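Listed after this line are the structures, all set down as structure tokens.
Look at the two complexes coming up: subunit A is in both, with subunit B in one and subunit C in the other.
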Partner chain A sequence: MLRVFLTAAVAGVIAATTWVIWDRVRGPTATPIAGFSAPFVFGRFAVPPDNPLTEEAFALGRHLFYDPILSGNNQVSCATCHVQALAFTDGLAKSPALPGGELEFSSMSLTNLLWGQERFFWDGRATSLEAQALMPIQHPDEMDQDLGELVTELQASRDYRRMFRKAYGEISAENVTRALSTFMRMLISSDSKYDRFLRGKARLSEQEEHGRKLFMAHPDTKVSLRGGNCIDCHSQFLTSGFRDALDGFSNNGLDSDGDLPDGLMAVTGNPAHKGFFKVPTLRNIAVTAPYMHDGRFETLEEVMDHYNDGIVVSDTLSPLILEADNAPEAGQGTVGLRMTPDEVQSIIAFLHTLTDEDFLTNTQFSNPFEGDS
Partner chain B sequence: MRIWMTGLAILLVIGGALFFAPSPQRTTSITLTFHAKMGDDPLVFDEFLYENPGGPGTFRVRDFRLYLSNLTLSQGEALFAEPDSYHLLRFDNPETTHSIRLNDIPLRNIDHVRFLIGVDPDANGSIQARGDLDPNSQMAWNWEVGYKFVVMEGTLRIGEEVSPLVYHVGFSENAREVDIQLPPDIGSDGNVDLHVNVDVAKLFDGPSQIDLQKLSSVKFNREDAAMLADNYEAMITPSFK
Partner chain C sequence: MKVKVFAQSVLIGAGLLMVGLTPAQSQTREESQGMVLLRGLPTLDTKHSIAIVELDPESDQFGELLSEVEQPDIQHPLHHLYYSPNGRLYSTGLDPSCSLAEIGLSRDSSGTPVIEGFTCLDTQGQIVGEDIMWATSNGQEYMFVTFMGGTGGDDGGSVGVFDTQTNEVVKIIEARKSQVGEGEPYIMYPHGISAFDDRMVVTSTIHPDMATGVGNVLTIIDLNTLEPIQNIVVENEKPLDFPSSPVEVLFARPDMHADIEPAILANTMFGFETWKIPYDTGSKTFGEAEVIYSGVANETAVPLEFYGTEDELFISHGLPGVVKRYELAALPELVSSGPDIVADPGAHHMIFFTSASGRNLIAVQNNLLNLGNAADDDPTDVDFIADLSAHTITIHDLETGERIAEVNFKERYNKGVDNVEGLFGSGFVHHH
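On to the complex of A and B.
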């Protein structure tokens, strides 16, 4: 009896050891993310061929995103400034800088990054998500981490050794950014009321529908067409900036020539791009206050006031903004859309239909170190 | 017997030679290069270089782009239509050119190149992405109306005063056909290299001469749009003439 038991135990141990060894020596498992779909109205997207979307990369990226191990002092994670409930912004005009003070720009929402511009950051300085993700990690004011040190720290963790092995085979800075990019690419918001309306599953209220029509129209007093002119910069279905070339960057009339920051010009060197910033997605815009690259506006009402009669003229201001006016006679001293208060409220009502509660609470995007992972 | 064998060998050699000899070329490749011009010179963006053709002031161009669709190539009666033929021509590059290359067209030569400036009504009324058509792009105009066909944006300066110029021309009825007849000697070794000028000045200087101060924007007014379309109809001309 004892012999039988012993034999079974030995066999069990051998089988378990073999499996553990095999699991460690085999290559990454790389399970393609199944059932991945997005609304066809979002259009084409491209995933870099050297970083396919896999379940293992997503799980790893999610852990890294929420782990302060990515920062030099092990206290700051990506999620510090990108909070899911706020559509991955932080609710601040500008995030605090590590040495004190604040950063130059407002934290950007991380939504539907597979579409829209292929440049990242407000000034477009990163030309891929993979390039983007490493920048805050290393920036002395943001996470202040040395990449070599980060790899050493990750190698000390059994969990990370396992997750990297499954996703990519080995721990490296390159694979850190690949995993983070995969996680960010999967942050897809497509279940707002507007999305359900586009799928024919929801009706907009009269006010929301009025707002939608205004959103989509460039005003033309010659044919009595009233418009909020939003679509000249925010694409009709994605509501983000345009994908092609630098079409997704614009000067939206915040500052005069004397105060105009460089923006995209700092990256392209082209003076015609001075004061250009990335046109952000308007998905979940009602929860991502404050607004603009420097968070200068606290509410959507303030934003609409800006476009309605607060445009500041500068040399590179978009002619589409300068020209768009709902009043037939020239304005006296102000530049803007000059819509009625009702029209402004309608556009704001439409903007609220872009809030996607499911996205803001989806447990697949939440902190894996808390509760169910 | 020997004669018979020799005959067979000769036949084999001739047959093999015929089999492996280069067959006459049956397909053609074409490169269409569009050069953005203002009059006779290459278009320069973002500089106040150009005279208002119908009034006072000088203007600069910030953006110029257009849709070209339904590209067909023909040789006599034989015709090749490019599938999903929707090209956005944009010129924001140092050469201010845009090239379209089509390989292995099943024609021995090409004597006509035809296309539309603009988008055919069927595609213009659809939100399906085809070719360069993208309902989330800057050229998507209005959910109900379709795409902008020709876009020119800029600034007019009169003295110290500057004012915006916005010309967005669309509406299905404003698609205009361009037919270019190629000279017979243009192709060599199955390759056609066609250079075409796109003259922005023609937009304002054609059957109608436009004063940019008086008509500083064209968007949804159908008469204005048709007037610019009648002008841009002659905007694209081959440069071998």
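On to the complex of A and C.
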């Protein structure tokens, strides 16, 4: 009896040891994301062939996203400026800079990045999500991390050694950015009231539906069509900027020529792009105040006031904005949509239907270092 | 320090580019992925299905079915495809058990388009769905569907009005010829549908059994009351000695092109003609119907579908299998905009798209009435159209009409191809 017991125990130890060794030497595992299904109306997307969406990469990316180890002083994580409850913005006009003061731009929402414009940051300086992910980590004003030191720190962690091994095989800066990109690509918001409306599972109120129709229409007084002109820049389903070429960037009339920041021109060198900024997604817009690249507007009402009556003309102002006028006969003292207060409120009501509570509270996107997540 | 940091950044960025991480470089094109409805051929032991097919001759996957869902329990296949304004995909169907369906589309984690399946909708007894149109009645948008069999009977036919959110039937517009008074407007075997302002038009085509009866009128429906208000006869020559059988219809209107004078255009399947009926928006009255294209005179037969691009109107003619093209701005007159696109016998539905190199293309589905082939001893074969089912989709250069390639579904998949008029895309649609 004892011999049987000992034999079984030895066999168990050998099996466990073998498994541990095998787990440490085997290559990465690529488990497809369970139950992944993207709304087809969001349009096409592509994932880099050597960075497919996998459970292992997502889990690693989620940990890295919330871990201050990514910063030089180990106090700042991606989530510091990208808070889930705020649709991964930070609620500030401009995020604080590491040495003091504030950054140049407002923190952008990280939502539905699989689709839309493939240049990232307000000025489009990153041409892929993978390239984008490394920039804040290294920027002296943001996370100020040396990539070599980051890799050394990560290698000192048994948990990260295991997660990198499973996801990619080794710890490297390239794999850090791959994992962060996977996590960000998976931040899909597709269960707002508007989404449920599109699927036939919810009805919009009369005011919301009026706002939706205004959102989707470019005003045309010749046929008595009133419109909020939103869709000229914010696509019908994603509500983000358009994907092709640089169509997802625009000068939306915030500043005069003298005050116009470089924007996209800083990247392309083309003066025609001066004052162009990335058209952001409007998904969860009700929780991402303040608004615009510099956070100058506190509320959606202020945003609508800008488009309705406060457009500042400059050389590169979008012609789609310049010509969008619901009441051109009302005088030329200002440039704007000239909608009625009811129409403005209807558009704001529609914008509120873009809030996706499930996205804002989904534990799969939350901090894995807190609670039971 | 800064030099080191940014040098690293540049090097890593370059590395990422070298290993091909730029999403744009791995982009899978979807502009050429057509949604098709395939018919199982009984003698070849295949099932009806919905599929996505690659139609770009420049693609290594040209002609491949990228996703397919079979309909094993349905005797007759789905028939037409329509995207709603909100991007939901619907199909009408010839089988009484599934005369209207919603098709589920999505993408998997690699971005590959996927057909998830389809749900047959409750039509409250209306059968043989044909065309769909979204239009407004008293400020409310509805989905209007023609049912060629209606709720049954020798003179059946209905227009189903559906809630755009729930897909529930709101109203069935019916007016049987045998039940309305003499001279009163009726609806019979409706197929084509189009609308402008508060006027809708449907055609009276043929009883679904293709034996009981054939129509020869258009029916005008008042969208304010959702009641038929007028019949317009569109019949002249009878080359087959049948009633004219108006099939597809297009209400040409200024929102298609600012220069268009409103008028109805209607193709007669057995009269081989295209008709024009002018519309006066002020008095809301229709003028005299007149033939503006004669198939007998032009040696074409069975005109079927209307499709449009930004500047052209295309009309398919099943025999000899051509697509004629006209200047959109000149409508309702048919002013040729180029030579015929020579497809195959049965030229029917079509889509427009671009190749990977940016070439503008048109794909034409060539099966007339989507039936089988006598050579296969197919029980669904009908002699008249036996030779008009090429089972192909032909691909042509849109500018020149040059035939570039074809997919023969019968040879490749042992199936017929009933429909291609939509792409897998964000609410992309081509019909009427």
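By definition in this document, the second predicted complex is superposed on the first by the 365 of 373 C-alpha atoms of A that agree within 3 Å, B and C clash if a C-alpha of one lies under 4 Å from a C-alpha of the other, contacts with A are read in each partner's own complex, and residues count from 1 in each chain.
Following the convention adopted for this analysis, contacts are C-beta pairs under 8 Å (C-beta built on N, C-alpha and C of every residue); 3 or more make two chains touch, one makes a residue touch a chain.
These numbers were taken from a predicted model, which means no experiment stands behind them.
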item	value
Three-chain arrangement built on subunit A, subunit B and subunit C clash or fit	clash
Contacts of A:Asp244 with subunit B and subunit C, given as first, second, both or neither	first
Which of subunit B and subunit C A:Pro319 touches, first, second, both or neither	first
Partner, of subunit C and subunit B, that touches more residues belonging to subunit A	C
Subunit B versus subunit C as contact partner of A:Gly43, first or second or both or neither	both
First (subunit B), second (subunit C), both or neither touched by A:Gln236	both
Contacts of A:Ala173 with subunit B and subunit C, given as first, second, both or neither	second
Which of subunit B and subunit C A:Ala272 touches, first, second, both or neither	first
First, second, both or neither for A:Pro32, with subunit B first and subunit C second	second
First (subunit B), second (subunit C), both or neither touched by A:Met135	second
Subunit A residues contacted in one complex by subunit B, in the other by subunit C	41-44, 223, 236-237
Complex interface listing, subunit B residues touching subunit A	45-46, 62, 88, 90, 92, 127, 129, 134-138, 140-143, 153-155, 163-166, 168, 216-217, 219-221, 224
Residues of subunit A that touch subunit C when the two form their complex	32-33, 36-53, 114, 118, 127-131, 134-135, 138, 140, 146-148, 173-174, 177-178, 197-203, 223, 236-237
Of all residues in subunit C, those that touch subunit A in their complex	1-2, 4-6, 8-9, 12-13, 15-16, 19-24, 26-30, 86-88, 105-111, 113-114, 116, 164-167, 255, 424-427
Interface residues, subunit A side, partner subunit B - complex	41-44, 115-116, 216-218, 220, 222-223, 225, 231-232, 235-238, 240, 242-247, 271-272, 319-320, 322-323
